[in-house]
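One structure is given below, represented as structure tokens, and several questions about it will come after.
Chain nomenclature is as follows: A, B, C, D, E and F, assigned in order of appearance, with residue numbering initiated at 1 for each chain independently.
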Amino acid sequence: MRLLIINPNISESVTALIETEARRAASPSTQITMQTAAFGVAYIETRFEALIGAYATAQLAAEHHAGHDAVIVAAFGDPGLAALREVLPVPALGLTESALATACLLGHRFSIIAISQRIRAWYREVVEANGLVGRLASIRALDRPLASIGNVQGEHEEALHALCERAVREDGAEVIVLAGAPLAGLGRTLHGRLPVPVVDGVSSAVRHAESLAALQPGKAIAGSFAPPPVKPNRGLPEALARLLDGRAPS
Amino acid sequence: MRLLIINPNISESVTALIETEARRAASPSTQITMQTAAFGVAYIETRFEALIGAYATAQLAAEHHAGHDAVIVAAFGDPGLAALREVLPVPALGLTESALATACLLGHRFSIIAISQRIRAWYREVVEANGLVGRLASIRALDRPLASIGNVQGEHEEALHALCERAVREDGAEVIVLAGAPLAGLGRTLHGRLPVPVVDGVSSAVRHAESLAALQPGKAIAGSFAPPPVKPNRGLPEALARLLDGRAPS
Amino acid sequence: MRLLIINPNISESVTALIETEARRAASPSTQITMQTAAFGVAYIETRFEALIGAYATAQLAAEHHAGHDAVIVAAFGDPGLAALREVLPVPALGLTESALATACLLGHRFSIIAISQRIRAWYREVVEANGLVGRLASIRALDRPLASIGNVQGEHEEALHALCERAVREDGAEVIVLAGAPLAGLGRTLHGRLPVPVVDGVSSAVRHAESLAALQPGKAIAGSFAPPPVKPNRGLPEALARLLDGRAPS
Amino acid sequence: MRLLIINPNISESVTALIETEARRAASPSTQITMQTAAFGVAYIETRFEALIGAYATAQLAAEHHAGHDAVIVAAFGDPGLAALREVLPVPALGLTESALATACLLGHRFSIIAISQRIRAWYREVVEANGLVGRLASIRALDRPLASIGNVQGEHEEALHALCERAVREDGAEVIVLAGAPLAGLGRTLHGRLPVPVVDGVSSAVRHAESLAALQPGKAIAGSFAPPPVKPNRGLPEALARLLDGRAPS
Amino acid sequence: MRLLIINPNISESVTALIETEARRAASPSTQITMQTAAFGVAYIETRFEALIGAYATAQLAAEHHAGHDAVIVAAFGDPGLAALREVLPVPALGLTESALATACLLGHRFSIIAISQRIRAWYREVVEANGLVGRLASIRALDRPLASIGNVQGEHEEALHALCERAVREDGAEVIVLAGAPLAGLGRTLHGRLPVPVVDGVSSAVRHAESLAALQPGKAIAGSFAPPPVKPNRGLPEALARLLDGRAPS
Amino acid sequence: MRLLIINPNISESVTALIETEARRAASPSTQITMQTAAFGVAYIETRFEALIGAYATAQLAAEHHAGHDAVIVAAFGDPGLAALREVLPVPALGLTESALATACLLGHRFSIIAISQRIRAWYREVVEANGLVGRLASIRALDRPLASIGNVQGEHEEALHALCERAVREDGAEVIVLAGAPLAGLGRTLHGRLPVPVVDGVSSAVRHAESLAALQPGKAIAGSFAPPPVKPNRGLPEALARLLDGRAPS
């Protein structure tokens, strides 16, 4: 099983975190290809940054998906995910969708723990777009500056742990979702220290991708996730134009 | 990885269908134990039948979960699932929850295809209880008597296929969920004949169970999925009493 | 008018509380039969305890409903209620449904006052299942151990009163629902001491039962509350099997 | 128990229908006072007609509530009901609220059967305002002119019966609500001819009023259903001014 | 463009505030007619006061709309608005609807700042009736007595400003809605002092009214906002009867 | 007042339609700048096409917004709108948001008329994202191929008119929203031929833009619509980088 994982932001240190957790979560026979956004921002907290990350991700997916059995958009918030699901011939997964799917198997209401105050509104809108706001207990987030996006866990482990505890005790969280690629792997660090199950986006996405590759649910050829109708386009990167024109990747 | 799968109804023919599909979906190293309800009805269509199935399932889970890494309640509608999640030390999964989790990774709106008109209202309430009614495109069902619960697929394959097609064309379904253990495996039969991805409860549950066993999210010891507070009980089967008393299984 | 009231837990002291309040609320001509669960737990706080209580209640209802005009499931949370509504020839009522129906006649948003922190999640899910979460202002609960389930009111009256006050002042409650059979009758004790109307599950259920017996709305013979289709069953207590087979009670 | 029932429209023939059904539904000891709107329209189908009916009802309630134990606003749609709940010292009930409360005790989803196409949108908004649109299966209505508002039942009985049947068969209605004072009593005519329970607004309201009078839940003195803060007013009918000023009725 | 603005309460000082802000917001060519309720209360905080205000507003609208291109109901809460939309030949607008429409163009979630604790429940119900409760971050309100309804801004400016700040910081408000005619114009006073966009009901309504007059969307002649079907009426003020009878205003 | 209008697709013929309707709707003093996407597809029907359109729009907005008082994203579906709202110093508006805001001032429930079956799912998700799905009566669309995207109105006027009629008659639409830039101006053609008010996205957006420019609600400097926190970025077009870095446009 071959898996393409795309980091929608430009931070190689975050790509490394994602890769480490992905390899831990993957079955032995799974082969992983990592890609990092060629353009964009250091980490994505807002709708505008997500817009950029979505486009960068779409280009990488278009260029590199050939030969893979699934594609993971490895930023919480899932920039560009639903769009890619239309055009890719293989399953596309995101960290939020995957983490929420796992969380829903472990309890009724979940809380999301995030890396910044600013990111909360965007995450909430993504949960709303997933139709799951009725199961959202809370979104809690760090309120201090991040010295290094690649070392949020090291720097803020205790604060993050405290946020989890408060979500359980004060908000009624039955499951904790650790949100965002910078927190990939934190679930392992906190293992045994939290009173409720904990879910990580990267490992959830990797496992769901393996499952979809095994279950072979099929690609939509009708309905709103079929490839877009072929029509004139102009000025696009070659790989995107190929996807839209229904041509095989080069 | 050792998996306990419980059929909440009394039909061995349905247990056989579940087992066949479960073994196809499972990883090679997964060991599967099947159990069939000791009491109950031939197949579950209503809330009252589900109440009985839930109690039968709880007894089997209490008696047999030891030594397993996950337990699957193998009836669509998930009788007793949330209750078992409180008391079992390992993950508990159901066909509906698992199928919906998979469906949500493949499209925004899904339709459920079911075996009888009567069953529709109960399924709808289960989707509501999962907080996903906003993503439900429709529930369509056979409207003819079932000659044999173990051979619904053989007898009604074309009618079931036609229901899937209508759900896509008329209801806007982006994913099809084939509901109910009697339809286990139908997704493979219809492979390549449906215009949108198709999801099966049994295979979804098996794969999610393997994933949870691998990811080790942890068991709740606080919140509403922690084991119930120990308190006096009376008149219960020994295995249930042990679970409630927090004693190890015999 | 003859009324069967079933206590889904095993505590005779709670049955006594229910009976006292039921007799106070009932019209002079109403005859009341009390039944206490033959098996189960001292009081129900969780989904698993409710699963057990539902089955115990179903057996008692099957065995004893003959000759009654309505049946009340006398635990807040309504274990087994919707299931019984399918099979019983007379109206079935629960404490939660009845209390919420009354509360909705007295104000737009209500708060529920409960006996333990643990019980809150389950109650919330029951309100969700009733489709009334949009009118739920809050669920507040005692956070101290209960020395005696038959004397929660005596032991915690002031704390319960304080919870009511806070629900009105801080949560915007326009009606207070005192939840749980152990609080049956507390509304009378607090009469005149609360700034908003107060609703009790037991007395609401008794009055609604009398009303339904008088109004004679009819029993469903089609749709999802008709009796389940007759089909093979096995291993069930005689009274349950009779209900499923559509045979008259012995 | 003394009950004031106000017909918000000007049709004495409708008042007579209401009174007949109310007396049938009432307990023997209940005394009923009827009032008909002094101004307004023949029957209420729209928001503007309801605005007028609400004001006419408020005046009658202000003038005549003294000496009664409850007040019923006897038009489906409940014009002015929530407003009266603030100012009256006794419970105020409406046909819609009462019918929906009863229906919720009999099934999960209900359909409303109404007298005109035009009335449907207003009824739907009232169900929305009650927070119960998730339990609304459908609103079906006559599509022919009404020769006489006092004889809708006689003239259209078969058409109304057919609408009920379709609601059950096509819309999944588990309970039928016969809407509107002009249909008061139709439930008795159709008794035994419908496959699901049937609910009537007038009889439901009468029984709920008796229950509230018996249960004595108390009048709000805080929160949003307390009497409005006393403040300057001008130009109001004497009875309304008395209510606002907190003066006893003359 | 000629605009009729009706103040549903009896306070001329509030009418003056509305007029000042309306003239500031209006285009130079817009002509404004002000009307103050002939009967009612000093300011509207409750459903009952709104019922009275709605009827007073309806009379003024019926009497004075001729020759105008739009009518504004100038109380937050929009008493009578939907009703007037049925009968008036020109667009009818309200402060809440208009403010929410503007707020939705500026951010995803808004908070409402109001003049009294009591008023909060009613405002919340109006937001619910507009179907926008999912975008409501909070309603915050003054908790001190109002010495003069015409000088709330002068007396409580700092407290109102603090409420806005808290809504942004603690509730996640992305837009602030200053609610109620007594706060008309406060947005200008606070200009530059708030961290998010601020919306005022009066100025929003005036601008929307001008836009609708320019866009000419047309008056409903079918559906639920068409004029009510002509039918017998009795006892109404001449202007209301004319509207109902479909006669031209005198 | 200077207004920048961006067509997110590459069709100059659609830009011309937008411009014509915008100029008709604008006040005499409003100056309009048109821009057409430099890359993308002929018209946008799907999430993937919208992803591309969003990025093309963001670049044009970044390059050209200086000197304008508001920016309109002139494709129904509002690609990139919420993202632009964060970074632009002036109000950003979209056709969907603007049309829905106008529709909500004219009735309670609206239907959307669209140019293709495929486009319906995406539009529905946009209405969901706006939190207005409770007010959506239906989305109806043409089901025939479009010979020329610049002449949909000419080619399909009668079919579009018929869809509007059915939405009113069968779906309960109280307002019609003509969706998509290719239908800009159709509302004027149909004027007087529809039984309910009709709303057009382009003219609504132009009028709302003028209103916001006049009302000066202010730009968010806190909360989730403040400019994104400044952080490292790489590889972006100069204009986007300037926006992210908080530098003035060149």
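Assume a contact is a pair of C-beta atoms (placed from the backbone, for glycine too) under 8 Å apart; a residue touches a chain by one contact, two chains touch by 3 or more.
Small disclaimer: the values here were computed from a predicted structure and weren't measured.
S.K.: Shortest hop count from chain A to chain D along touching chains?
M.R.: Shortest path length, in steps: 2.
S.K.: Counting only C-alpha atoms to place each centre, which chain is farthest from chain C?
M.R.: Of all the other chains, the one whose centre lies farthest from chain C is F.
S.K.: When the CA atoms of chain B are placed over those of chain D, what is the turn angle between 0 and 180 degrees, to the nearest 5?
M.R.: Between chain B and chain D, the superposition angle is 120 degrees.
S.K.: I'd like the Å distance between the centres of chain B and chain F, where a centre is the mean of that chain's Cα atoms.
M.R.: 44
S.K.: Using CA atom averages as chain centres, what separation in Å is found between chain A and chain B?
M.R.: 27
S.K.: When the C-alpha atoms of chain C and chain F are each averaged to a single point, how far apart are the two points in Å?
M.R.: The computed centroid separation for chain C versus chain F comes out at 52 Å.
S.K.: Check each residue of chain B and list the ones that touch at least two other chains.
M.R.: 82, 85, 108, 120-121, 125, 128, 131, 134, 172, 174, 223-224, in rising order.
S.K.: Pick one for the touching-chains graph, please: line, ring, star, complete, other.
M.R.: Per interface graph, the chains form some other shape.
S.K.: All pairs of touching chains?
M.R.: Those chain pairs satisfying the definition are A-B, A-C, A-E, A-F, B-C, B-D, B-F, C-D, C-E, D-E, D-F, E-F.
S.K.: Using the touch definition from the top, list the residues of chain E that touch chain D in their complex.
M.R.: By the definition above, chain E touches chain D via 10, 38-43, 45-52, 54-55, 58, 80, 82-87, 116, 118, 120-122, 125, 128-129, 131, 223-224, 228-229, 231-236, 240, 243-244.
S.K.: List the residues on chain B that touch chain A in their complex, please.
M.R.: 25, 27, 82, 85, 91, 93, 97-98, 100-102, 104-108, 130-132, 134-135, 168-169, 172-175, 187, 191-192, 194-200, 203-204, 207-208, 210-212, 214-226
S.K.: In the complex of these two chains, what residues of chain F are touching chain B?
M.R.: The touching residues are 120-121, 125, 128, 133.
S.K.: Any idea which chain E residues touch chain A in the complex?
M.R.: The touching residues are 108-109, 134, 172, 174.
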